[in-house]
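The block underneath contains the structure these notes are about, expressed in structure tokens.
Going in written order, the chains are labelled A, B, C and D, and every chain counts its residues from 1.
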Amino acid sequence: MSNTDFVLAIEDLTVSFDGFKAIDNLTLYVDRGELRVIIGPNGAGKTTLLDLICGKTKASGGSIKFKNQEMTKLAEHKIVRAGVGRKFQTPSIYENLSVFKNLEVSFPSGRSVLGALGFRCTDEVKERVQSVASEIGLADALDMEAGLLSHGQKQWLEIGMLLMQEPELLMLDEPIAGMSVRERELTADLLQRICKGRSVIVIEHDMDFVKRIAHKVTVMHQGKILAEGSMEKVQADPKVIDVYLGH
Amino acid sequence: MSFDEIYNIALMQGFAGLSLFSVLLLMGLGLAIIFGQMGVINMAHGEFMTIGAYTIFLFSSLTETYAPGLMQAYFPVAIVFAFLIAFGFGWLTEWALIRHLYKRPLDTLLATWGLSLGMQQVFRSTFGPKEVSPTLPDWLMGSWAPSEGLDIPINGLFVLALTALVTGGVLLALYKSRWGLRVRATVANRPMANATGINTKRTDRLTFAIGCGIAGVAGAAFTTIGSTGPTSGSLYIVDAFLVVTFGGAASLLGTVASAFGIAQTQSISEFFLTGSMAKVLTLLLIVTILMIRPQGLFASKIRR
Amino acid sequence: MADKKDTIPATLTDEQRRKVLLGMAAAPALMVPGVSFGNAQFPTAKVNTTKLAVTDTEVIVGQLHSATGTMAISETGSIQAEQLAIDQINAMGGILGRKIKVIKEDGASDWPTFAEKSKKLLVNDRVACVFGCWTSASRKAVLPVFEKENGLLYYPTFYEGLEQSKNVIYTGQEATQQIIWGLDWAAKEKSAKTYFLVGSDYIWPRTSMKIARKHIETVGKLGKVVGEEYYPLGHTNFNSLINKIKVAKPDVIFVTVVGGSNVAFYKQLKAAGITGAKQFLLTLSVTEDEMLGVGGENFAGFYSSMKYFQTLDNPNNKAFVEAFKKAYGPKSVIGDVTQAGYLGPWLWKAAVEKAGSFDVDKVVAASPGIELKTAPEGYVKVHENHHLWSKARIAQGQPDGTFKVVAESADLIEPNPFPKGYQ
Amino acid sequence: MDAFKNWVARSGMGSILILALLIMVVFPLTMDIFRLNLVGKYLTYAFVAVGLVMLWGYGGILSLGQGVFFGLGGYMMAMFLKLEASDPEATKIQSTPGIPDFMDWNQLTELPIWWQPFHSFSFTVLAVVAVPMILAFIVSFAMFKRRVGGVYFAIITQAVALILTVLIIGQQGYTGGVNGITDLKTLMGWDIRDDSSKYVLYFVNAGLLIGVILLCRWIQMSKLGTLLLAMRDKEDRVRFSGYDVSMFKVFAFVLAAGISAIGGAMFTLQVGFMSPSFVGIVPSIEMVIFAAVGGRMSLVGAVYGALLVNFGKTYFSESAPDLWLFLMAALFIGVVLAFPNGLAGLYESHVKPWLSRRKSSPPAPSMEAPASSAHTPKTAPESSLPKGVQGQSA
């Protein structure tokens, strides 16, 4: 199964912290253009899984292949450059910089030290910033200091920063946490739009939201995959019900 | 040279390494506790040691003037006071200075450095610029000679015992007392510790004061080996630093191992090479190992 | 040499000479206030042709030591002694009828600060001469300034030699004066054959030890060097060294350890059972000042080689010690360098009076051959090479922290900053 | 015209110009050569402080070992000058003429191989900048690749400073020991001790400093400057935007090292010697306080900080030596507790509002126009600086 069409192929992935297996022999495949939602109770290892994919945590064993390229040994920035984008659980933006600068910095050129010195904010960059900003609904707030944005806007900005990189795989950790109902709807629409032409992995707790966006749902429990399939299918799975409702 | 002589020298040399180890450990211990708990490097650590040393000097002078009969007995009492006085100043320092800077650990470096300058000037104004040396009780002087040709320095034995006592006390306190429990909880997860009703601010202050108190004891012990001047602290801090840096800063075990490693390297190489070369060799070794393992010998897993 | 009668410069009148002696005796009550014969006899235009800070009534000199920083411990004595000499000179009427005014600058134990301040003294203040510096490093830092601006420095510390400048008068001993006679004495008195050399790691101990080794092994043929060790400045752990000494079992431990290391060294020697009763030890670096820190009980029985000790038994010294204690308190002590500092102003006074001018070139030209019979250490004379002829002495440390002089060279020893055969 | 004004305001060119005027015109006109030489010495420390603004203010990396690089630069310049001063004629009194005097005292009989290249001035100039940068690269690469940072990095830089000091003092046959390398006289036959050459050196020094500030300002305004600020704020975000964060930190450290080394070399030229007392822990920390007093985010502030603290030191050590340490202590504590943004911060929060109230009639030709007023929606947003420090970044 090593050479596949999957965008992401995770096989036999294991990581342990001081003997505790946070991810236990996990195998998972994500298709091109797919929007996958990962759900599961707290401590199931969802965030750890994202950490492993983007290189923040190093695996104890197993393999992660992105477009058939092994990721487990790569440095974080190389994984990003290969086309993996990651949004953190709490909005992680540069509070002291303007929205424009936040997006500009994320533009995927001038990424080396010398490149950054020689980087010019060309019309191409400005156009991209404009278009992403309108995508995430912040076109009017470009000059604002990012720290002054509302919580929801910050989440969008971070998504926008990822879009600037044009990743082929986008991973979002609880993108609607702390959002109002209206903002959730807008975010759902946004996700529907951006998953065109790329794969997206979302971690989420809100079942209504999951129902609305998911192509396929993976349920994790204690570092393992408990169930996988359409929302209806996993909701009906007795193992899942057992985990969620308790013993 | 007879076998007996070689045997004696080897024994004395072994003790020399052990005694250097105890000195280094005692110097680094307070610094390591504070850094491990709060992520703060106390650049005035050397001055807190000097407080301890001057306390001994003060006690020795007072005893000599007012109660010469008690000269044999003042030393242990003075050590307790060295701890208490340094502890008190540490408490005060935390309250006045450190607690405002917990979010900015780099700034504590600067602030405590400033504090050390001020303290040096206070020492100079109070005790004069010359180095002083307390009159020690007779039982601390000279050597213990169990056999012909074998001299074990009594002050070395004393410092060794004191270090064992202090280190043991700290370990015991850390793993058996309520303070220790609070400290470990705070290090592991500060917000959580707070939430479970641990007064982390109070714990910090106590820890800082205890670290300073231990520095005071170290300074007191040091009077049996060297002299004390207003700027002695800047000499002490250097060694204390190296021990803590090399040990990986956050773990007590690392501090012990690093003090032992540095002391043995230095003491053995001093015997076979010249003194200056031994120092250079030891330092180069430390730097090379730090290049390979910048996080030190025993890095803590929790903090990065 | 010692039987030469007239040691006060010939240019002095009898009256002046009497005042010099009185001034040395520090008996202000007896002192005649400065008589203003000087200015008529020595008009400012004549005695000062190089725009120095000299007026009809006043001459300004500089004093450049570390009042702060790590060296303040050592330099305080020199500051006090120089001030004492200047006060005494002023009390007897000053120099060429002019009172000496001192501008004190703090080198703060920092060599560039020394250079900076020396420049200020010479360029801005135009001082007639400077008494100052203690460490070789500070002297090396100011030397180019003094040579460039043609200043005059009186340097009080015993040092490594290998230097001779037109613009410096060295009132302390250079290395050979302190070492060779002492070693010879040790060889003769103690029949010493094996020597262990220990020093702090910088230029003075290293140069001294180089001379010592040459003398022991080739020039003086005294015996053998069985160990030579240097430790970084501020080093406080000598246990390994002491074990090495125990292995080598030398007849003499020859020591040039300085600063805070000194205290640690002697405390640990004692703790290891090496005491004056069992072991002969000769040092070049323990004066009364260091003794305060080391403690008499740790140094008792060991020997120090200097040109001056506070307990020296002669009338000059008794008067000096009395005046010094009166000025700076009964607990103050006087070490070798302090006494050498005290000589500076007197030597300068004699040279200025011999030259009849404050001009540096003339004072420098007049300096060689200047004699001072009133020095606390006894008779001294300025050599052509700007160092002093002086005696060498050995004293034994006493448990109460004083020194007992046990030997003294018969003649003055010639200074030789570039000793042939010792390079 | 408006575009130009915007650029001036945005780049902080105004305050750089004022500084240039002050040190290139006002000081030379009002001070005698003695004072000016002192200022020249202080300005060499300002190099280090400027480097620290880039490293600490922008990069968020505190180094307590900048003296290492200052010292290395200075030592290499001193090696060149010393070789020139030790020609066989001038050193004929030695047992081995033609080598530096301290080598002769330490029984060296020939020049060590690694001293040989310092006969060449062009090699020396290259080495002054390159060697400290290479050392900085080696030290920082290992650290930053392993994500060692913060307090721990600061104390390791201190350990490096300590080790270098011990090495220099211990290997006196090769380095001159505690005394350092002294008695430097000429630079390629040109007497550096003359008043006229002191003037020339002062202007070279001041010119270089302004040049370095302009370079740093240019870096700050490039994407790299933005990235440094971004890293200080959210390091992980930068990393997961595809940047090799460690290399940017290495760059900042190497840059600061190179700048410090230039200062060191100029120090040797102006003061006439170099000694280990500029390499150790104490000078390194003092240099941090220059940057902190001036404002850790402000390049020109760093220069003012260096000047002010050193003037203070000279003044107080003359008039009240006992007070000086207390004052220094107060400065350290005050600057971190009360004025974390230093002089530049005070200027921002107090002087500038007052100035703008005075000149409220708009298009005053003020070069200190606040960034926000120079802002037009069409250009890229200016507010690229952290809160409270906008516009003071030059």
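Methods note: a contact is a pair of C-beta atoms (placed from the backbone, for glycine too) under 8 Å apart; a residue touches a chain by one contact, two chains touch by 3 or more.
This structure is a prediction, so every number in the text was calculated from the model and none was measured.
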Seminar exercise, completed: Chains in contact with chain A and also with chain D, listed by label, are none
Exercise. Going by the average position of its CA atoms, which chain sits the greatest distance from chain B?
Worked result: A
For this session: List the centre-to-centre spacing of chain C and chain D in whole Å, with centres computed as mean CA coordinates.
Result: 40
For this session: Would you kindly tell me how far, in whole Å, the mean C-alpha position of chain D lies from that of chain B?
Result: 34
For this session: Return the distance between the CA-based centres of chain A and chain C, expressed in whole Å.
Result: 77
Seminar exercise, completed: Listed in rising order, chain D residues that touch 2 or more other chains are 166, 170, 322, 325
Exercise. Among the residues of chain B, which are close enough to touch at least two other chains?
Worked result: 124, 276, 279
Exercise. When you check chain C against every other chain, which residues touch at least two of them?
Worked result: 68, 201, 232
Exercise. Pairs of chains that touch, anyone?
Worked result: A-D, B-C, B-D, C-D
Exercise. In the complex of these two chains, what residues of chain C are touching chain D?
Worked result: 67-68, 105-106, 108, 110-113, 115-116, 119-120, 123-124, 135-137, 140-141, 143-144, 148, 160, 162, 201-203, 206-207, 210, 232-233, 418, 423
Exercise. In their shared complex, at which residues does chain C touch chain B?
Worked result: 68-70, 72-73, 76, 201, 228-232, 234-237, 239-244, 246-247, 260, 263-264, 267-268, 270-273, 289, 292-295, 297
Exercise. Quick one: in the complex, what on chain D touches chain C?
Worked result: 32, 34, 37-38, 41, 93, 95, 101-102, 105-107, 166, 169-170, 172, 177-180, 182-185, 193, 271-273, 275, 277-278, 314, 317-318, 321-322, 324-325
Seminar exercise, completed: chain B residues touching chain C in their complex are 1, 5, 9, 12-13, 15-16, 19-20, 23, 124, 129-133, 135, 141-143, 145, 151, 153-156, 224-227, 229, 231-232, 235, 266-268, 270-271, 274-276, 278-279
Problem set entry | Contact set on chain B toward chain D in their complex | 35, 39-41, 97, 100-101, 104-111, 113-118, 120-121, 124-125, 234, 238, 241-242, 244-245, 249, 276-277, 279-280, 283-284, 286-287, 290-292, 294-296, 304
